[in-house]
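Next come two complexes built around chain A: one with chain B, the other with chain C.
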Partner chain A sequence: MGEVLTAGTLLGAAGGEGGAHGASYEGLFVYLGIVVVILFLFLNSAKQGLNNRVFKKWTTQWTEQLYLFIENMTVGIIGGHGRKYIPLIMALWMIIFVSNIVSLFFPTAPTADLSFNLALALISIGYVQWEGMKANGVAGHFSHFAGPKLGGGLVLISLMIFVIELISEVMKNVSLSLRLFGNIEGGHQAVVAMNELGAGVYIPIGFFLLPVKLLTCVVQALIFTLLTCVYISLVTHHEEEGHEHGHGELAGAH
Partner chain B sequence: MTGHVFGLGIGLAALGVAIGLGLIGYSAMQGMSRQPEAIGKIQTAMLIALAFVELVFLLTVFVVPGSLKI
Partner chain C sequence: MANQKSSSGLPFPVILVIGIAMMAGGFYVSKNVHIEFLTKLAEQGISLDPGKTISAIGVLLILFPVIRSFYIGPLGDAISGRTAELERTFTEAESLRSEMTQMRSDYERRLVETESAAREQIQSEIRKAQELRGQLEADARSRADEYLHKAQADIENEKNRVITDLRLHVVDLTLGATEKILGENVDSDRNRKLIAEFIDKVEVPG
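What follows is the complex of A and B.
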C-alpha cells in the first residue's frame, strides 16, 4: 500500500503541482524513466526476432517498418548523403513518439514539459550547427547567415541580415520546443476541460478526444524529425542547390 | 478586463490560424488530386506548412498571458 501510495503521489505531483510548465523535476525523471523502460523493452524484444531470413516477430517487423519510414523521409529530404543522419533522426522520433504516447495513459508526459522539449530542440539545432560547420567551415557557416555577397555600402544590409538570421536561428529552438509542448499540453488541457463539461452527467467526454490525441502524437513526432531533416538539409545541401532552384522556377512558371 | 482582452485575442488568433490551416489543406488536396504521383512530396510540404501556421497560435497562447501580466 505504501509503495502504491508513493508512486501515485509522485505521479500526482508530476501532473499538477510542478509549476506553470508541466512536471516537477522529479516527476519529469519518473516519466523519462517510463519512456526509457518502454523503449528498452520494445527494442530488446525486436532484437530477439532478428534473423537472416524473414522477420516473424511483430516487434521486429514494426521496428523494420519504422526504420524504412525514417529512411524514406531522411533520404527524401536531405538526399543521398542523409543516410548517416538516420540514427539521430530515429532516436529523436522514438523518444518523442513514446513520450507522446505516455501522455495518453498518464497525467502528464516528458514532452508536456517545456524544459525537456527545449533540451531536445537544443540537441537538434546544436547538431545542425555542428554539421553546418563541418560542411562549410566555421567562417563559411557563419557567412551563410549574412545572405548573398553585397558590395560597397550594402554591407550594412548584410549586417542587418546577419543579425536577423542569428535571431531566427535561436528562435528555431523556441519554435521546435514550443510546438511540441503546446500540442501535447494543449491536448491535456482540452481533455481536462471536456471532462469538466461532462462532470455533471458523469460522462468523461474527454475520453473521446483520445483518437485525436493519438493523431497529434504521431504528427508531432513526425514534424519534429521532419524539421530537423529540413534544417540539416539547409546547411548541407549546397551541391544540389542549382538543381532545386530550377525545379522551383519551373513550378512557378506553370 | 485583461481576461476579456485575452479571450478576444485567443479567438482572433484561432480564427486566423483556422483560415490558414484550411487554405493549406485546400491547396494541398487540390495539388494531390491533380498529381496523385506527387502525394508524398506534397504531404511533406503540407505538414511543414501546417506546423509553421500552428506555431502562430501556440505563440499567441503562451506569449499573450505573459505580456498582459495575467
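What follows is the complex of A and C.
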C-alpha cells in the first residue's frame, strides 16, 4: 500500500533506485538533467521578458526579485565588491532550489544525494579559497590560518591554530553538504514514514508535509548561498577592515 | 560564450575541457574505484560516491558559466541598464528643473526690467508731454499777446482814424454853421487850419 501511495502522491519522494543510499551514478545525472531542463525552460521563458523596459512576464519578475535579493545579500554580507559574486551565488541558489523542488515531485533529487551536495560544497569552498588567494596572495591567504603572529615558544600555538583552521576549512565542506543532504533526504524519509502510517486508511498523510518541505527548499538554498557569502566575506574583507575584526565577528556567525 | 571568462578568470573553452575531463574521470572512478571506508559509510546509510562528486563538479563547472551567460548576465545588464536609464532620466529631470528655475528667474528679472523700462518710458513721455504743454502754453500766450498788441494797435489806429474823421466832420459842421451865420463863404484853407488848431486845443485827452 505504501508503494501505491508513493506512486500516487507527488510527495512519495523517497523511492527510486538508491532510496536512503541516494541514486545511482546514471540516476543522479538523469535527475541532474531534469533539473537543468526545468531550469533552462524557466530561464528561457524569463529571458523572453527581458526585452521590455518593465518586466511583465512573471518568470522575469521572479528572477528579477531573486537577483535583487541576491544582490542585497551579497552586498550586505560581503560589501560593495560583493556584486561580482552575484552570478555565482545566483546560479548556486537556482540549481539548489530547482533541485530541491524536484525532490517534491520525484522519488529522489540531486540535492538528496550527498555526493552531489559535496560537489556543490567543494565548488563553493574551492571558489572561496581561490578568491582568498586572489585577494591576499597564496602565502597571505594561508598565513591567515595561523591566526595572529606569535613569537618564541608560542609559535607552537600558531601551528596548532593552523592545523585547526585547516580542519575547519575541510569541515565547511562537510557541514554544507551534510546540512543540505540531511534536510532534503530527511524530508523524503519523513514523507515515507507518514505515508506508511496512513496506508491502512488510504490517506497519504505525507502529503501534508508539502508546505514544510517547500519551506525547506527555499531555506536550504538560502542557507547554502548565505554561508558561501559569509565565507567569501571572511577571505576578502581584510583589505577593507582589520583582519582580527572581520575574522572574529564573522567566524561567530557560523 | 567562447570568449567569455568565468568567475575564476579562466576562458570558457578551458572550463569546458576541464569539466568534460572531470565528468569522464568521475565516471571511471565511480565504476572502478571502491574505497573500504565509503563502503562502510554506505552501510550506515550515508552513501558517498567520489566518482559522482567528481562528475558533478565537472557538470557544475560547465553549468555555472552557461547559466551566467544565458540569463544572469543579460538580466544583470537589463537591470543595470534600467537603473542607469532611471538615473539618467532623474538627472535630466533635475537638469530641466534647474533650467526651468533659471528661466523663471530670468523671466522674473526681465519682467522687472521691462516694468522698470516701461515706468521710465512713461515718466519720459510725461516729461515730454509736460514740456510740450509748457511750450504750447508759452506759444499760445505769446500769440495771444501778439494778437492783443495787434488788436490794441488796430484799436488805436481806428480810434485815431475816427477822431480824424470826426474832427473833419466837426470842422465841416462848424464851417457850415459859421457860413450860415456869417452868410459868406469862409471855407478857406486858412480858416480850416485855424479851426483845426482850435479843436486840438479843446480836445479832451483819451
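Just so we're on the same page, the second predicted complex is superposed on the first by the 219 of 254 C-alpha atoms of A that agree within 3 Å, B and C clash if a C-alpha of one lies under 4 Å from a C-alpha of the other, contacts with A are read in each partner's own complex, and residues count from 1 in each chain.
Here is the rule we use: a contact is a pair of C-beta atoms (placed from the backbone, for glycine too) under 8 Å apart; a residue touches a chain by one contact, two chains touch by 3 or more.
Everything quoted here is computed from the prediction, not taken from an experiment.
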Chain A as common anchor, with chain B and chain C clashing or fitting: fit
Larger contact residue set on chain A - chain B or chain C: C
Chain B versus chain C as contact partner of A:R179, first or second or both or neither: first
First, second, both or neither for A:V230, with chain B first and chain C second: first
Touched partner set for A:L222, first chain B, second chain C, both or neither: first
Which of chain B and chain C A:L197 touches, first, second, both or neither: neither
Partner chain(s) touched by A:V212 [first = chain B, second = chain C, both, neither]: neither
Minimal inter-chain CA distance - chain C and chain B, angstrom: 5
Overlapping contact positions on chain A, where the chain C interface meets the chain B interface: none
Chain A - residues contacting chain B, complex: 73, 76-77, 175, 178-179, 182-183, 186, 219, 222-223, 226-227, 230
Residue numbers on chain C that touch chain A, as the complex places them: 7-8, 27, 30-31, 42, 45-57, 59-61, 63-64, 67-68, 70-76, 78-79, 82, 85
Partner chain C, residues of chain A touching it in the complex: 18, 20-22, 25, 28-29, 32, 36, 39-40, 43, 46-47, 50, 53, 55, 60, 63-64, 67-68, 84-88, 90-91, 94-95, 110, 113-116, 118-120, 122-123, 127, 130
Touching residues on chain B, where the partner in the complex is chain A: 40-41, 44, 47-48, 50-51, 54-55, 58-59, 61-62
